[in-house]
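One chain, chain A, appears in both complexes that follow, with chain B as partner in the first and chain C in the second.
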Partner chain A sequence: MSTNKSNTTNDTMKKIKDRISEVNWSYHWDRIKDKGGYIVFVLTFIFIKQIPYLPIIGNLIQDAQNRNIIPNIETLNSLFIHMVILLIFIVSWDLLSGYSGQVSFGHGFFLGLGSYFTVYYINGLTVNGRALFDGKSENFINIGFTTIDLNVFTAILVGATVSAIISILIGLITLRLKGTYFALITLILPLIALNLAKNLWEEYTGGDLGLQTRRLVKQEDKELSQIVWEEYYFYLIIMFISIGIMFWIAKSRFGLALQSIREDELAAKASGINVRLYKLFAMGVSAFFAGIAGGLMVQSVGSPIGVVNVGAFETQTSFTPVIYTILGGIGTISGPIMGTIILTIAIYYLALGLIQYPMIELRAIAIILILILRFQPRGLIKADKQLKNGLYIGIFMAILISFVEELVNLPQLLATWFDDEGIFGLDILNIKGRLIFYFFINTIIGYFAPDFIRWARLKTWGVWPSLPDFDPPK
Partner chain B sequence: MDQKSISKKSIVNHFLEFLEELKEDHEKLTETILIASFPIMLIIVYFRFDSLSFASILFNGLFQGLFYALIAIGFAIIFGVARVFNLSIGGFFVFGAYCAYWFRKTTLLDFKQIQTLDFGNMMETKNFDPFKYSLIFLFPIIVILGSNLYLLKKKNFDKPIVILCLLNLGLVGYYYITIKPLYEGSNLSLIYISILIQASVSLFTLGLDYLEFKKKSILIISAVLNMVMMTFNQIWAFQWVSIWIIKIWATLYAPALYFGILLMSIMISAILSIFIDYLLVDKIRSNQTNVLIVTFGVALLIQSIIPILSYPDNITFQKFDILTRYLEGLVVLFRSNELMGITIQRLRIIAAFFSGVFLILVALFINKTDMGRAMRAVSQDPEAAALVGINVRKIYFIANGLAMGLVASAAVLTTPYEAQPGWNPGMGWAPLIFSITVVTLGGLGSIKGSFYAGLLLGFAESIVGILNPELGTVIPLLVILAVLIIKPEGLFGKEEDEE
Partner chain C sequence: MIKMSIEELDDELELEEKERVISDTPILRIIDLTKKFGELIAVNKATFDVYQGEILGIIGPNGSGKTTLFNMISGVLKPEEGEILTKKNENIVGKSTTKIVKKHKIARTFQIVRPFKLLQALDNVTIPHIPKGLQSPKTLKTRSLTSLLEVDMGEKKNYPAAILPHGDLKRLDFARALATDAEVLLLDEPYSGLSVEDSFRITQLIKNANQEKGVTIMIVEHKLKLLANLVDRIVVLNQGKIIAIGTPEEISKNQVVIESYLGKEASSIVSS
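So, the complex of A and B:
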């Protein structure tokens, strides 16, 4: 019996062992590694509040926060709220421009429409004595971790819908024109809106001061620090849902049809795709989510009341998605997400690390835009392996050196080497300036190191090493 | 008798033929309608408004219209030849304006200190770099010597080119000898100004050579330009002829300098734009969208780099900050004329005059010269043009340089009065938007169309501006939407055939 029992247990163990050995672990590991970026992205966004208290890396993060390498928790919150809202906006742009090839230079127009109609739905709007929207009173509802105002939430959806409807009306006029012509018209749209909002309809739009409204999350009975995090998590849910929908659309037959329109409109028409309808639908969906981003943007000003002003219609707003998407990689969903995260953080560091010049962001963005389009037109997500490795090495070494720099008195050394203006305007006495400096140096080293190693081996050995990662020189 | 009747008949016949042509030729019809409607518009405006508003509508519309036409034609040329939209117009508008300002400021520096290498109290100020300071002075001299040597070497010491180079170098010496005793003691270093003018002429000659003009015509044009400049510069020497010569040119502080700076800014903007086109745009020209975004990036970059540029001599010249800047002292800003009851700055009249001259020159260049003919060929069919032996890449560069030169000229001509209260590095967006508007209205790639559309928009804006000042800025933009709904291909555009 006992032997039998042991035999059966041995059998089951053997079966399990066989099963395990049958499983192709390397395949699964590869899949996890491929999806690793997404997993890290989702986990970071969810656990950003808890990151300083995590078991292993928590201490390191706290140390970095004490050294000002990483911003403190309040700054992280505002940075991430900004990022979450931008993500919706930018992915919505990529759905229209990256997938269907209709480059829109006026997406800020839809963002502004969304924010204004959100406010109108809450506050009410009367034109010539006729009430278009009668204002809505407070209607709080508890959804587990927070209490939100249902009417404000409806208002965001209403604003987005209005934005979508207007975009389709505009699309009916403009989409019969071909690619670049459409881009020119969309460049002008927000400017018309800006002029009208500033000069003619100032009583409705509030001009530069803007309009004020209630917040989405209940403001009473709680501390501000807690409310801010509740808001962040609510926006995060909205962001995941909207990006999920857009991801689904992009991966479905619909997205395929849009891509075929982008590649060859005539061939798409010939294969039975109703080009105009698809374009209109893409524009409507894109404007809807841009409107949602606009509705959320009203809320994220860091004061107890939401504010909307004509700034949304300015050219700069319309160009942020273009730049962020091109950095990440146009025509993908993960590209703009990556581009947004990188550029938001980069701009934060640049603004603090560079000695204050006017319009520093513009300059950095313009240089990035030109270099990326000239040398890596498919964006960072599909960049050369060498460049990617260089960037990884740059980031890693910058953080590493910033931890150990005080052991070798590096800051003082650098400060004596470079004068008050620093190098390229970088503030060497500031930790953020030094971080950027280390990043640049190490990226350059990381980029050219493989070439140098190849050259050295060629000179010393005279043969190419047969390692898989080492390609012959171009 | 017979002859007369024949001629009468032929006039009628011509008219009938013309009408029949109009039926078939869409472009001619639009042109005729536009030209015919202009006096009608004037009559309506004359009876509808009082005489003062009429005059202001007439002159403002004309000046504004010429300005729009000037910036829009560049845009139209680039689209017509290379089939891409170039948004860097906004950047080069600002670059041209600041270039002129930079040269103007340089003429106010002290020339003697460079000669004696005695910088004195300037060395005490922060950020003073003697090397940069000397380099700024040497820049025009380097330009003169470099361009002349290049011409001599490239043309293998041809007779006309040798004559031209000798003329160029001789005039520098002549200026040095004649002007030096006259202006000793004044704060203007007129020798430097003369050298700057000569440098601009030399650069212009180099441009003519790049445009593949014939050697003789290069010689003639440059010699004429040199003589005109010398006449401008030596206006004091003509006092004995008549005092009214001085009176005519008194509108400008130093007419030769004005023209020299204008020419220099145009040439440098054109060269820079060709360089950027070669470096960034050339390899991605097949993808229209990428060109659109890269050129926008260029515009953004130029407008955001200008605020951090500094001058080695911080005493006379602060950083290009967001402050009020204008071409101070270059032109007498407050001189004005009275025309039909309203006062108009003379500078505006001069700007309108030069705008007209440039428009005519561009029309001549495109219609009469070999390079213009090649340009038209490329705009019709690049592959066929390449087969015939035309360097298509060079044509793209030239189209770009021509357009940016026109934009820079518009900037130098109009900014002294147009944006005078607030010169800032972000002032390039408005011209970009207006050029897009004009080109949309006139039809993409049509030079004639953008000329008429520019004038139309200028008059429309001035009429609306009189009726309702708030609407003045919005109407031009709404015009686009109207055009798109009614006639998407524009006034002079051709309908795109579906393949």
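So, the complex of A and C:
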């Protein structure tokens, strides 16, 4: 009896061990699928230069570039450099406002501080004839794929640190304020800075014209087309490190503590969280990375010299992260990333498709933002499945139709149906205008199609598939 | 097969009630505590001791200053006069809520539950464990899971607090306060809005915390009935003044207390 029993237990133990040692592929596949968005994001940013030369997709991409559906490689480069720097700035805003709930309407202030102190560190700063600190000479080092000026790189870190220190000093004064009052204080900061920089301290800030400085990447000995890619990849590394750190903070216990402050400050205090310290921490980290974005923004003008001017203190700069993050989804890290990518691309297409009305793309974005706030307040990243599917169908069909439109003479047909002025100002003779048109039509179709198909099926066919009779178990 | 009669099983399962130790040294001494809101005196020279290991009930009609008293002890409000002394004779008046929780080990729950709504139930009880110094992520998770399992919420650990029912939120709030390693627990109306079953579970949790962890507990409650079998002593407040301190039996026979609840005429009928 006892031997029999031990045998059976041994068998079951063996079975259990086999089950454990088996690799659960479906579990791993689910985990990879959950992170699919991140993987595509990272791969696209790394291989953007090589994508037109990939074996299968490459031909399609080149074809699309020839048809002007996708911008050519130089435009892609400038678009992605712009995007990479914006991403650091916008995610840093989300860490402060989305996670700890301290809504800041003046994040451009920290961006501007980062920019200016980067330039001051390189060029030196002279006040009333006395040199506060001297400029730094060139100090090139080779880091494999490119040669960078180490002093300029240090300058970016110094600018970011100054920005963080000043933000903490401001925080010490203002963090007793809550909600709207804190937002109002932060709204005023860049306006004061703009006034001072334009009028009182114009000799130090250069006013609208700005100050000039050296570039981060060595400009001599190479062609411009190569240098811009070297710059892009260096910025990309900085972006991955910055967003990686912010992502880690957001997912770790610090992020949890920040979220608890956002949800209920009194309850967080009653749980032993040092609210003041955590708020200052969030503000410092956020301003540090905004400063890094500011330092990079000095470099990103695409000319042999870097330029900084008072543009960072304009209200528009401070509202950029608010708009981009709300569109993507506030209180997440993937939300602002998605919002930035979508809006940067959308602004590019709208600016070229609505070319008859200059600067109208910002108004179009405003309308999109109002619709998002009304119908999807949690942002696109947590939008309804139906809307997401509609958008996917819209993008896919827009690209598909733009490939095959000439087979059925669609451009000519559209031009005869509508006037030369186009539809709502969309330039129908331009491929970008047609793309936006196709995208809107197909998104609407993609959004309502499932409902319509279900309705039509119920009217005509009935329930499908018809279920067999079901007997309940006795 | 192990054979066991039902009686033996009952004996096995019967929990031995530990002997509760209530020491003579007070863990909290409240001396002449006064709070004014403009002209209104919310708490008027309240003086009483809380002994280590006891369960103390605080009752009184609406607006008698029970919650104000708790707010002053937990550092949310600052009293005009008076002292609150801890075991080590430190005055905690005027110190921040964070410090009172972390250093002086006095935690509280809220009359209206205040969960972190968008966070999951597990994250809700992780937060009090975060400020406890260096610990690995694994330790942190183990500790917070233990806290959650103590209040029977294990199966709901991934639910955001926003969708949990009221009874669960009350227990979550209790778990969060207990997770701060508190020595004194201030429970602000733990029974408000609960069904009979949920009330019973809360009672069990309070008894467990008191007996197994030796936590001193102060409970604010309107209803004397619920406290009668739970607490050792009761403090009765009326219009900011302490009108009686004593065991539940003493309080239920106290003429002044009955008067304060029912009014003079009705109380004379009851006593006659």
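Some points to look at:
The definition used in the following text is that the second predicted complex is superposed on the first by the 435 of 474 C-alpha atoms of A that agree within 3 Å, B and C clash if a C-alpha of one lies under 4 Å from a C-alpha of the other, contacts with A are read in each partner's own complex, and residues count from 1 in each chain.
Quick note on the criterion: a contact is a pair of C-beta atoms (placed from the backbone, for glycine too) under 8 Å apart; a residue touches a chain by one contact, two chains touch by 3 or more.
This structure is a prediction, so every number in the text was calculated from the model and none was measured.
When both complexes are overlaid on chain A, the residue A:Thr126 reaches neither chain B nor chain C. When the two complexes are overlaid on their common chain A, residue A:Ala257 makes contact with chain C while staying clear of chain B. In the superposition on chain A, contact is made by A:Val275 with chain C only, not with chain B. In the superposed pair of complexes, A:Thr12 makes contact with neither chain B nor chain C. In the superposed pair of complexes, A:Leu266 makes contact with chain B and with chain C alike. Common to the chain B and chain C interfaces on chain A are residues 266. Considering their complex, residues 101, 103, 173-174, 176-181, 183-185, 187-188, 191-192, 195-196, 199-200, 266, 315, 319, 322, 326, 357-359, 362-363, 365-367, 369-370, 373-374, 377, 425 of chain A touch chain B. The part of chain A that touches chain C in the complex is made up of residues 253, 256-257, 259-260, 263-264, 266-275, 331. Those residues of chain C that touch chain A in the complex are listed here as 74, 76, 96-98, 101-102, 107-108, 110, 114-119, 123, 126-128, 130-131, 137, 140, 176-177, 179-180. Interface residues of chain B facing chain A in the complex, by the touch rule stated above, are 84-85, 280, 283-284, 287-290, 292-294, 296-298, 300-301, 303-305, 307-308, 321-322, 425, 429, 433, 436-437, 440, 444, 470-471, 473-474, 477-478, 480-481, 484-485, 488, 496, 499.
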